[in-house]
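Note that chain A is present in both complexes that follow, paired respectively with chain B and with chain C.
Our next item is the complex of A and B:
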């Protein structure tokens, strides 16, 4: 065999898994059809966080009593900086893989048989094949030439009027950021609330803040057509049409299995996703699938984790996924984080009672810890500044079977946002 | 007895301890000679974090490629906002104590005998007395009329030239903030490095960044005199004198035991601190001392924790302090956090390898996890954005006897700064 493992796709899960194998002296082939690092690093979570950070910086100073500010943003210049950040990360990962001996081939890879992958007309044999082909945005027939995550994050100007079709986490993150950067933002969501994938009380905090920021939210609304003629015209059932200079389509993502060759091997599917067992093996045991293409929430850290599990099994270390404390984070205002699951009881503390948040001029949100009757922490839902950073103490507590008393008695530095979690862990009896 | 517990001082430890007793139906007296909430809330950690946050907001936009900004700060207006934040926190705490039945008396309290406190000429009897009189800045004979933490945090203009005597955490936090707000900053430190109370590798990151920001750091330097005549003239041994419009004296703090009456009862001391046992009892068992006055690091969260321990013992729940994972946080650039202790081994990962930090345009610092040969986490030192928020996962790990594998296998959301801790928990063998 030419390789111990061949990866189709170098996204978050793929390159991370490859690195784990490379560090343990395995021979690794990585096939990438576009850019090393995949969607998250190049076009998703990394550029979006840079943009959100910028919008929050602007909003903070605009809101701060005593501060007067005039500013302008040369988005072309900013995009260059953003691209330098992306390149540092993706380039670093690629170089590290190469330095550990990986062979990286650019081109469209597919599976020929259970031990052969093909790219650019060349076959390579491999003991194991890992499918990490990710996901693509859902496109709606007849609605063409709109913006998706890639285009919106590459914009070289700030839209005047931005209509967002789909109020899931991508649409809401982008809507919040561009509103803070000055755009007039409309969000059109088919369901009866935004962020339908998130617990309702968390989503409600974001909904409230978005309206306060002046974002127009239209729930229970269905887009009939989007026409482009210089400007866009968006027709919505039962409402007047809207004109806009930019339309973002963010109605979900679907697994990307096109032309991977999986149908030839009769690999079992779960709907559009590739079916995998707890080891991240497909129905063909030496072929693994990880990340978005393999089902479950489409999150980079879930892909990393899948990649770890697949690598361990390839290394002969029998390892099964444990998604018990898989966090979900949305970089909205307030920032939302959720981990674990609800329990028999919960305590809830408002952000207004958190001194550190007040020093940031942030007042919206809450800290909610779920626990069982014996005090074991089962999960948490947080809508508060920097909740993406503090949620991990709850994940760790869930993974380790810790109780609210364990959390309460852990000394949290003062003043921090994470003290809100400690306060929510206090027994009131 | 009039009260189950009488508190002398309503600082972080005092009011927190009082609240715990009040929630459990104890009769509580709180004596406060100045402002409810004490030094931290009124003049220390809360106002300083608000100022630091402002300075970081300015610096971030000034540094960001593509952003042009003009700004001015009306510090009088800003101070009003800051004061509103402080008042919300202190007023909230005071109201909560009152609503739970506390008697609050403003005046200078002292101990008359082991069951009596006196304030404004009135005696009150109490089963337990808790001393929470905090600390005061060290003043140097002959150097008068300079700024201390209270004055510098109340400034209604941004100093043109600020000389800071003492490079401990207060001096460095203020020096960083005012430099970012435009002051010309000089730091004079007697020892051979700044932040002598912090691990050297952490302090070095801050030293490097301060110099990059243009702060002049003079270590191994002793101030001879400070004269005020309109402007200040600061004379330094072996150097030329400096003129400055503002001089901050931050050479440490000492416990505040003046006029507390403790000498009458022959309460045992540890130098200038009140000696306490693990229950936070003084040598007179129904008299407790908590927070800065009782020794150990002068940190609000240590005071909260002391207050919790004292309250539990007063409630009859035998409880002993456990400072094993007492975190230390400095809100510098990069932000520093330390918890636990060093171990047999460590892993260190640079901030430059942390994608989330890069999206914030932050590149300095590292994540360092200490562990023993069996993998048990013993502590961590972090110099990275928002380290105050992520350090608690390490404190929780130390408290709970978790290993680097437990931490590594806990799914950290992507992209977050806390992923740096996960990466530092990865075994490289």
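Our next item is the complex of A and C:
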């Protein structure tokens, strides 16, 4: 065999898993059809966070009493800087893989048989194959030439009027950011609320703030057509059509299994996803699938974790996934985060009672910890500044079976946002 | 959420072993669907579902023992929840659960991620590890001590198996017999007394009714015991190990050992004094039949105060029975044989009576056995119908 492991896709799960194997002296092939690092690093999490950070900085000053400012943004310059950040991260990951002995081949990889992958007409044999082909945005027939996550994050100007179709986390994050950067933002969501996949009380905080910022939210609304003739015309069922200079389609993502060759091997599917067992093995035992393509929430940190589990099993260390505390974050205002499981028993403390948040001029949101009858923490929902950072405290508690008393008795620095979690861990009796 | 507790199974039954779950998480059940088979020291019962709903999780594993009232199962049911809820915080829980299908079962025990990974590397099932800390958290040390004590569990010399040997681990009914017999022999100091009885009159009676009414041979002994108790009440007692006392029972519930496909079962004829020998015959026949088909009810097997065993129908002219703990005496009916009584050859059988010597002295046992002999040799005088 040429390789111990061949990765199809160098996204978050793939390169992370590859590194784990490379550090343990395994021979690794990484096949990438576009850019090293995949969607998250190049077109998703990383660039979007850069944009959101910019918008929050501006909004913070604009909103601060007593501060007045004139500013201008040269988006071309900003894009260059953003690209340098992305390249630093992707380039760093790629160089590290190479320095540890990986072979990286650019091209479309497909599985020929259970031990062979083909790229650019060349066959490579491998003991194990890991499919990490990620996901692609849902595209709707008849709605062409609109913006998706990749295009919107590459914009070299700030749109005047931005219509976002789909009020999921991508649409809401982008809507918040561009509104703060000055766009007139409309969000069209089919369901009766935004962020339908997220706990209602968390979503409500975001909805409130978006309306305060002047974002127009149309829930229970269905887009009929999008036409482009210089400007876009968006027709909405039962309501007047809108003109816009930019339309973002963010109605979900689907696993990307096109041309991977999995159908030739008869690999078992779960709908459009590749079926995997707890070891992240597909129905062909030496072929693994990780990340978005393997089902479950489409999150980079889930892909990392899947990649770890697959690598351990390839290394001969029997390991299975255990998603008991799989966090997710939406970088909105307030930032919302959730981990573990909700339940009937919880304590909730408002952000208004958190001194550090007030010094940041943040008043919306809450800290909510769920626990079971013996006080063991089962999960948390947080809508507060930097909740993406503090949620891990709760994940660790869930992973370790800690109780609210353990959390409460842990000294938290003052003043911090995470103190809100400590306060929510205090028993009321 | 509806939490199912192990319901009361019967008088004096405090716990039961979960033998088999008939449902698994994700299953939908109707009210009264059978959820689980629970084995007590008396009988195996099937617990019906108190509500309709979807099984969330089983809280007790197969092979484990639960006390009556222990939570054993959670059902997601539209029926009113019986779970305790806090006074505040009663807002209905919104759903937010990341559910990802994998075919691995993850135990929900309290342990840090590193400890869980360590357990997996040592091939240790965390559910089997006893946490040393009072809050139930399993540590690395707990796993180490679990793995280090494991080999000790199997005593080597006894279990060295050669090719073709078979190792039997008592389970189910066999395990109950195992425990009960051990307890009886360890706790009760037995003594045994034997006498010969002439069965001529019993056989005449049975012949007399042949074809008209069913009369069981064993029923004569059951009825005779109850007749003899009137003057020897101490023989109809049960022992209480907790406070080291005896309770003399006023009702004569006589256990009769019957052979069933799963092993020895003792069925109970209740309040023998109030029943005719025909009724007793019918009851024994009915219960023995149901023992063979696995249809016994709990009241058929619990609450005996004295036992009669009749392996004589199979063979053996003499045996030393083991008392059916916590009773104080047992009567063994042996095979029919002949013996010289006062120089005359008589057809009959040997009776063996085993007693708890702490309560019953040899003299009393001898007198009781003497009374039984009288009753059985002239049955019509005493038993009638």
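Keep this in mind: the second predicted complex is superposed on the first by the 428 of 429 C-alpha atoms of A that agree within 3 Å, B and C clash if a C-alpha of one lies under 4 Å from a C-alpha of the other, contacts with A are read in each partner's own complex, and residues count from 1 in each chain.
The criterion applied here is as follows: contacts are C-beta pairs under 8 Å (C-beta built on N, C-alpha and C of every residue); 3 or more make two chains touch, one makes a residue touch a chain.
Computed from a predicted model, the values in this text were never measured in an experiment.
Peer 1: Counting only touches as set out at the top, which of chain B and chain C does A:200 meet: first, second, both, neither?
Peer 2: Second partner only.
Peer 1: Just to be sure I read the superposition right, which of the two partners does A:321 touch: chain B = first, chain C = second, or both, or neither?
Peer 2: Second partner only, chain C.
Peer 1: With both complexes superposed on chain A, which partner does A:297 reach: first (chain B), second (chain C), both or neither?
Peer 2: second
Peer 1: Looking at A:388 after the superposition, I want to know if it touches chain B, chain C, both of them or none. Which is it: first, second, both, neither?
Peer 2: First partner only, chain B.
Peer 1: If we overlay the two complexes on their shared chain A, which of chain B and chain C does A:347 touch? Say first, second, both or neither.
Peer 2: second
Peer 1: Which one hits more chain A residues, chain B or chain C?
Peer 2: With both complexes superposed on chain A, more residues of chain A are touched by B.
Peer 1: Using the touch definition from the top, say if A:278 reaches chain B (first), chain C (second), both or neither.
Peer 2: Touch status of A:278: second partner only.
Peer 1: Quick check on the superposed pair: does A:428 touch chain B, chain C, both, or neither? Answer first, second, both or neither.
Peer 2: Both partners, chain B and chain C.
Peer 1: Which holds for A:50: it touches chain B only (first), chain C only (second), both, or neither?
Peer 2: In the superposition, A:50 touches chain B alone.
Peer 1: Tell me which partner A:400 touches in the superposition: chain B (first), chain C (second), both or neither.
Peer 2: A:400: touches chain B and chain C.
Peer 1: Residue by residue on chain A, keep only those touching chain B in one complex and chain C in the other, then list them.
Peer 2: 322-323, 326, 328, 399-400, 428
Peer 1: What residues on chain C touch chain A, complex-wise?
Peer 2: 1, 83-86, 88-90, 92-98, 100-104, 106, 108-113, 116-117, 120-121, 123, 135-137
Peer 1: Within their complex, state which residues of chain B touch chain A.
Peer 2: The touching residues are 12, 23, 40-41, 45-46, 49-50, 53-54, 57-58, 60-61, 64-81, 85, 88-89, 92, 299-302, 304-305, 322-323, 325-329, 337, 353, 355-356, 358-361, 386, 388-393, 395-397, 399-400, 402, 406-407, 409-418, 428.
Peer 1: Using the touch definition up top, name the residues of chain A that touch chain C in the complex.
Peer 2: Residue list for chain A touching chain C: 198-201, 270, 276-279, 295-297, 317-324, 326, 328, 338, 341-348, 373, 376, 379, 381, 399-401, 403, 428.
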